[in-house]
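Presented sequentially are two complexes of chain A, the first with chain B as partner and the second with chain C.
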Partner chain A sequence: MFEAQGLMVFYENMLALNNVGLSCGDRQIVGVFGANSAGKSTLMYTLSGIMDDIAKKERMAGGERITIRGGISFQGKDMFGVKPAARARAGIILCPERRRIFPESTVLENLHIAGYLASRQQTEETLDYVFTIFPPLTKITRRLGGFLSGGEQQMLAIGRALMAQPKLLLLDEPLLGLSPAIQYWLAKSIKEIAAERQVAIIVAEQYARPIMPIIDYGYILENGSAVIEGDRDKLMNNPDVKSAYFGS
Partner chain B sequence: MAREREGMRKERLDRGIKVRSDGVYSISSWREMSFLLAPRLLLILGLLIMPLVLVPAPYWQKVLIIVCIYAFLALGFDFLAHFVGLVSLGGALYIGVGAYVTAFFNVYLGLPIWLCIPLATILGGGLCTLLLWPCLPLRGVYFAIVSLMFPLLSARLIEALDVFGGTDGIMGLDGFSNSWWEMYVLISFMLIALFALRRLVNADMGLIFRGVKDNDQAVKASGISITFYKAVGVFIASSLGCFGGACLAHIYMWAGISQFALDFSIIPIAATVVGGGGTLAGPVIGCLILVPISELLRDFGTLRIAVYALILMGFIVFKSEGLMSFGSRKYNQFEHWVEI
Partner chain C sequence: MDILIYGIINSATLALMAMGFTLVYGVSRLPNFAHGALYVLAGYISWLLLNELGVPYLLAGLIALALVAAVGGAMYQLILVRIRGMAISEIIASYAIGLAILEGLRWGGLKGGTFSLDPFVEGSVIILGVAVDWQRVVVVGLGVVLVGLLWVFVNQTRLGLALKGMAQDERAALTLGIDSDRMAVASMALGSLSAAVAALIILPLGSIVVEAGYHVLIMAVAVCIVGGLGSWTGALLAAFVIGFAQILTVAYLGAHYQVVVALMAIIVTLILRPSGIFGRQKELEERV
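For the complex of A and B:
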């Protein structure tokens, strides 16, 4: 359904992504793991098209020269170089790193803003779904986004991404800064979302421990290249992955 | 993306480290010294020769003086905006205060011109800093609003209370003994201010200034009073402006409320945009371009502002980084296509 081949991203002369290929089938959950600066966020930005926007801004301001090469196809259509808004309309929705909640809008407003692409009926239905899967949000619908706790903000961010009716959901570090208990709970919710909403999910994360059990296929990024790939069992049994991500 | 080649990307490499470093290696050969000195000497010598070149055109000599006065303001604006993090619209305040202070000492107290201008620079700078002090702890747009309000307020106060000559202004200031003095005093002090500021922002104090701009809470947490450093920054910028204003008053031999005109606040900002913010040399180059253009455009009459706005818009859309950043990048880096 979704395929990316040979993605190369240069920040000036530094290679941030080196020939990364990635594919994701219907309703699959694909994990991308890597340490800081491995290129996870760059990959997510490139897939969602935000990178094109960053590159353009940098070019106008005379900053870093960002070069993007490769190919991205989604449901048989070529998506490389397509504007981020058009990709979102096609169903590729990014839930960005560090949540990027609208801090001065209430929870409900945050969700409604994201319903821009959805029909009224879809909005109602998704809103109900978000509140069933993230019950804590029901009590704080009128609170401003900026006053939420980290966990609540992350739930809101995922809910907001769901409101845009994704076919492919890109989660960039959904567990960042959360307590282990919430991490596991959120990982469970992600799995439920994939099954119940029939979306494909690509999740980039440093903490492999909670995420690894829920994925169908995974990639390990290191210094911008995908060094190991394979299904869940292959990754979990790989001694290098074990020592690096599971500490055993 | 149209001009990009398949399978290739444009690589930028810095020129050799020896050449770019300001360290001792840079004096290891004539070639490297001249690489560093050439652009600086071009600006310095170019400005110093300019009055001689313009001898046949005395009108343009006057324009050069105005360029220098705007350059003082633009330097101050760039310093405050990009190194201290205060957007100041107070150019008119600095010029006006400088002009009135020097006129006060020269006409009312009869001090000589060579004493009046330094006094106006220091006392005027102090006065501007005092006026702006109450809004220094604030961030964001408040400083801009207050600094914009003061020149308007001062002009109306002088008009309404009829102090300092009222609407007629203070007349009968001593002029410079000849026009060469006017030009060379302004040009040399402008160059000194430019290179001094460039040095200051890289010194320890400059690091604090930049810290205040980037994250004032972190600076506070290090036990540094940000209000004090902001005040020092405002004092430096307003002293530069007051020096320009004092010279302007002595050149016109008159200080009046038109020296609180908002042109003095706006054109330096435009020059900073054109020249490239945060480079300090950029705003000076911006003034060298914009002020003569605005003189040339006088033929257009009232359309002048429209044409001026178009030129500015073109700069912002097509070269929003500014001429200086663009130029220094081209000067300091190689570019070539490489295979991916």
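For the complex of A and C:
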């Protein structure tokens, strides 16, 4: 369903992504794990097309030269170099790093803004769904996005991404800055979303422990390269992965 | 009582003049320094249609609105898109376009006081003992209606909400399928449209002169800076502050100090509270 091959991203001469390939099937959950600066966010931005936009802005302002190479295909269509808005229209929706909630809009308005691509009926239905899986949001619909706690923001960010009717949902560090209890609860919600909304999910995360049990397939990213890949059991039994991510 | 009534009228006029500028800046972070030129252009186009082609008043106005909105959109699509994100270049380019339009009009024969539009309603009315032209009442009434319409547009419609999202976080909006260039074109067209609406309502009070373009731009910038760039409530409030300040100076100091008030307001704001009356965004960032 979704395939990326040979992705290379350069910031000037610095290699941020080195020949990364990745694929994700229907309704699959794929994990991408790695430490800070391993290239997770660069990968997510490249897949969603935001990287193309960043590169364009840098070029116009005479800033850093960013080069992107490789191939991306989604449901049989070539998506490489396609504008981010067009990729979103095709169903690739990114829930970005650090959530990027609209700070001056209320929770409800955040969700309504995200319904830009949805029909009226889809908006109503998805809104119901978001409030069902994230019940804490129902009590704060009128609060401004800027005044939410980290957990609330993350729920809103995922809900907002769902409003855009994704077929492939890219989650960039959804667990960042959350307490362990909420991390596990959110991981469970992500698994439910994949099953109930019939979306494929690629989740990039440095906290592998809560996410590892819910994935079908995973990649370990190190210094911009995918060094290990395999299904859940293979990754969880790999001694290097164990020592790096599970501390045993 | 004079001061109250004329203060309100003057403030509504200022708010109308500044509305388009605030709208574009608030949504696209694009300082449209051709705002005043578009204002005069709208007036001139409808004058041409009325007097040279004999088009009926209402139709001429509508055509002028559509044309000016198209000019605004085209301005972004053809020129500003190339320098997007570089504030100084945007100011220079849009100001240059504005100059080209205004001086082009002057060269094309827009000189002197012979160009004027008829007021919508003739005559005057006595409100609380003060004689007021009907046209000035129309300015206030339509001003209120327009602000209301814009509020509904921004808060209730799909495009309006998308514009609001784009204004707050461009990258987040991009991930949701909201296209930044398309939104910028929409906001420029909409901003130009409100400049044109303001022109058609306000110009019948005087005559269509090139200088009005510069005057409107200065007023729009003053209102936006005093109110806090890109803030709606701020701009409205600032329109009233400057509007009343001007009327008070006219009453107690003399009419020729009127423009100084706007400029003083900019300077005082920049010294005391650089982010304007409603520099809300920065405050929020600091608190979070």
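What we mean here is this: the second predicted complex is superposed on the first by the 248 of 248 C-alpha atoms of A that agree within 3 Å, B and C clash if a C-alpha of one lies under 4 Å from a C-alpha of the other, contacts with A are read in each partner's own complex, and residues count from 1 in each chain.
As a working rule, a contact is a pair of C-beta atoms (placed from the backbone, for glycine too) under 8 Å apart; a residue touches a chain by one contact, two chains touch by 3 or more.
This is a predicted model, so every value here is computed, not measured.
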| item | value |
| --- | --- |
| Superposed partners chain B and chain C on chain A - clash or fit | clash |
| If touched residues of chain A are counted for chain B and for chain C, the larger one | C |
| Which superposed partner A:Leu94 touches (first chain B, second chain C, both, neither) | second |
| Partner chain(s) touched by A:Arg69 [first = chain B, second = chain C, both, neither] | first |
| Partner chain(s) touched by A:Met60 [first = chain B, second = chain C, both, neither] | both |
| Touched partner set for A:Asn13, first chain B, second chain C, both or neither | first |
| Contacts of A:Lys234 with chain B and chain C, given as first, second, both or neither | neither |
| Chain B versus chain C as contact partner of A:Ala114, first or second or both or neither | second |
| First (chain B), second (chain C), both or neither touched by A:Lys139 | neither |
| From 112-120, 256-264, 274-282 or 310-318, the chain B stretch with C-alpha clashes against chain C | 310-318 |
| Doubly contacted chain A residues - partners chain C and chain B | 60-61 |
| Partner chain C, residues of chain A touching it in the complex | 48-50, 53, 57, 60-61, 83-86, 88-89, 93-96, 100-105, 109, 112-117, 144, 146-147, 160-161, 163-164 |
| Residue numbers on chain A that touch chain B, as the complex places them | 8, 10, 12-13, 60-63, 65, 67, 69, 81 |
| Residues on chain C engaged by chain A in the complex (per definition of touch) | 82-86, 155, 158, 161-162, 164-165, 168-169, 171-180, 182, 280-281, 284-285, 287-288 |
| Interfacial residue positions of chain B with respect to chain A in the complex | 1, 7, 9-13, 319-322, 325-326, 329, 340 |
